[in-house]
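What follows is a group of structures, each given as structure tokens.
In the two assemblies presented below, chain A is common to both, partnered first by chain B and then by chain C.
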Partner chain A sequence: MEALAELRGLTKVFGNTLAVNNMNLIIPRGKIIGLLGPNGSGKTTLIKMMNGLLMPTAGTILINGQTPGVATKAKVAYLPERTYLQNGMKVCDIVDFFCDFYEDFDRERAFTMLSNLAIPFTAPLKTLSKGTKEKVQLILVMSRRADLYILDEPIAGVDPAARDYILRTIITNYNENSSILLSTHLITDIENILDEVILVRSGQILAHMEVDQIRTEYGQSVDAYFRRVFAC
Partner chain B sequence: MLKKLFKYEWKFFWKVPATINLALAIITLLGVMFIISPLWELESELIGILMSTSLMFYYLSIFAGSIAVTVYIAIRFYRSAYTDEGYLTHTLPVTPRQIILSKLFVGVIWTFITGCVIAISVAVLIFTFIFASIDFNFFYEIGEVWEEILEAFKELGFHFYLSVFLFFLLYAAGAFFNILMLYSAVSLGQLFSRHKIAGAVIWYIAEYMIVQFGSSILMSVAILGLFNSMDAFDSPGAVTSLLFGGGFLLVLAGDIVLYCITEYMMKKKLNLD
Partner chain C sequence: MAWNLDADKPIYAQLVEIIQMQIVSGQYKAGDRLPSVRELAAEASVNPNTMQKALAELERNGLINTQRTSGRTVTEDNELIRQTRTQLADEYIKNFFLMMKKLGYSEEEIISLIKHAAEEEK
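Our next item is the complex of A and B:
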């Protein structure tokens, strides 16, 4: 099957800092992949480049065989690490907004998830807590039937109960043709849902392997392996 | 998609400029009430002071209102394109051109609305003053002499309606130009790794100086050209039309340059922190 995303020689330089260094990567279809690495390793920079929010210094990114643009944005559902919603809007307004712009947005799925998490549809966003806003954002992203979901720290700001619900949502809301690239520091919470991990250090890929391989070859959990590899 | 972007941009944008224009309308109403009030019949020195203070307040209000709408256009563009909100704006399946045009059209429409509100406000106060202080039918008099005014324009070589049309074209191109100056400065400010707002202000000042310098030179060249061609003074109307038409084409060229800078920055140099 054709790769969902492919990065070739991807490089990003900020002034004198090499954030991403000649990165080559293939993201297959139908996988949940953990993008793991210590702070400042280049994970978010990589994610932003894949979403067209940062321009690479060198190299190419192909998603469904196309460089980031209108066509890829219609197929990539991105959850950034920060809140991008306008405080003046109501929850139902932002659902309408997503419905208008993304053909793959499933309104019913969004309202079901909002109900399950007891988030009022008519609440203005400015009245919601930071954690609830993050839940709303994640619901919006996971209500799309996208090819690639890129989630940057999706569970960092939410309570453990909601975390379980979100992880269940992630598992159930994707199909065999789509993949999820998930960046987080909370490895213990997510490692049970991961198929593969990509370990990143100093802007380079240290390893890209299946989770089962870590368990069988090294006899460790992903979290323990991460701690060993990135020990300070 | 442009239509949808325009719809949401309008929805997010309208409250602030509408409030500013409402405030201007209320100030105008207060001005009218002040003019028609019996205060003027009092013979006191205070009335003169009160009138000059009121005029000053009115002038400052109009100036502040106009500036506030312009500043809000720049803030809205900056926030939606280059802050956290930009994460949503730039991940929508739309082109940078659609993003810029939707914001530009909304900004220009509100600039026109504010311009109209200010023009109507000034006209209402002037006519109220005329009605309150002069005992004749002003509109009737104007109607009587209107044909004569048009005739006088024609004798000087002015085509009144053509001149008005060219003036509005120039005004429209100027409105686009002012907003695109803000957009391009905000976009160029993103080239700074830190203090991007300060960077945008520096770019705006640089653009403003270039525009002032360029327009001074063009104006000097145009005036020198007129002096060298004395025939031009035989037909001031034609010269005015030429200046308006030429001015429009120059401002239009400026619009295109500034738009291209903004789109290039958004397309090729986007770097959201």
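Our next item is the complex of A and C:
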């Protein structure tokens, strides 16, 4: 089967800064992949290009064989680093909003997750805490039956118990035709659920390996490996 | 509750060990049906592909069989389960001796310490 996403020679320049430098990457189906790297290494720029929010300076991105646009957005569920939801909207109205927007949205799944995390349906978003808002946004994204989930820092502000629930949800919800690409600094929390990790430094891919390959070859966790490779 | 996994060893090898332990200790008995890959992965909080790999390894060892219609079951070969138990015991003892020797104990001292500890257990 063809790769889910394919990046060739992908480059992005901002003024004098080379944010993404000639990246080549293949994302297969049925994998959970961690995108790891220090601050400013190009993770979010890469993610924004894959979602059609930034145009590459050079190179190509193909998702299901298509360049990012209307068709790929119907198949890619994207959690941005910052929220775009209207603060005055109620949780249930936002669910309706997503239902109208995305054909692959599973309303029932959204409400199940909201009630499991005890998030009040009728509360306006502005009355919720920062962490709860993050949960709402993540639930909306994970309630789509997408081919590719791209999550930019999905669990940063979420408490450890809810984090466990979210990770379990990721494990049980994704299927063998879809993949999840997620960027995070909380490596210890997520490395057990990852198939592969992509390490980026200064806009380039430093390594693309399986988690157990790192543990076998270096005798240390991905977290420890990251701390060693990127030691300041 | 996620399974307790070490940070520095391959995840799949640890899953193999834990499931072996569950079978040897009788948590899953000979002939029992195992939960699905996805259920086990969620229980352990690990990647389903990693769990799949661990189960494949246990299948190669013969401890688990795949039934065409009813998923995976624990082997009914009690002799094999006993052998696995002995193997695990050997490994634990080897590791124990290794650690004790690091602490500077001789074999005789270790054995007398074990006897002493066993007496106190009673």
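The criterion applied here is as follows: the second predicted complex is superposed on the first by the 232 of 232 C-alpha atoms of A that agree within 3 Å, B and C clash if a C-alpha of one lies under 4 Å from a C-alpha of the other, contacts with A are read in each partner's own complex, and residues count from 1 in each chain.
The working rule: a contact is a pair of C-beta atoms (placed from the backbone, for glycine too) under 8 Å apart; a residue touches a chain by one contact, two chains touch by 3 or more.
Model, not experiment: these values are computed from the prediction.
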Task: Identify the partner contact of A:T172: answer first if only chain B is touched, second if only chain C is, both if each is, neither if none is.
output: second
Partner chain in contact with A:N51 - chain B first, chain C second, else both or neither: first
Query: When the two structures are overlaid on chain A, which partner does A:N192 contact: first (chain B), second (chain C), both, or neither?
result: second
Query: Of the partners chain B and chain C, which touch A:R82 in the superposed model: first, second, both, neither?
result: first
Message: With both complexes overlaid on chain A, does A:I32 touch chain B (first), chain C (second), both or neither?
response: second
Message: Taking the superposition on A as described, I'd like to know which of chain B and chain C A:F101 touches: first, second, both or neither.
response: first
- prompt: Where on chain A do the contacts with chain B and the contacts with chain C coincide?
  reply: none
Field: Residues on chain A engaged by chain C in the complex (per definition of touch)
entry: 30-32, 164, 167-168, 171-172, 188, 192-195, 211-212, 215-216, 219-221, 223-224
- request: Please give the residue numbers of chain A that touch chain B in the complex, ascending.
  value: 14-15, 48, 51-55, 69-71, 73-74, 76, 78, 80, 82-86, 88, 97, 100-102
Field: Complex contact set, residues of chain C against chain A
entry: 2, 5, 7-13, 38, 41-42, 44-50
Statement: In the complex, the residues of chain B that touch chain A are 1, 4, 8, 12, 84-88, 90-95, 193, 268-272
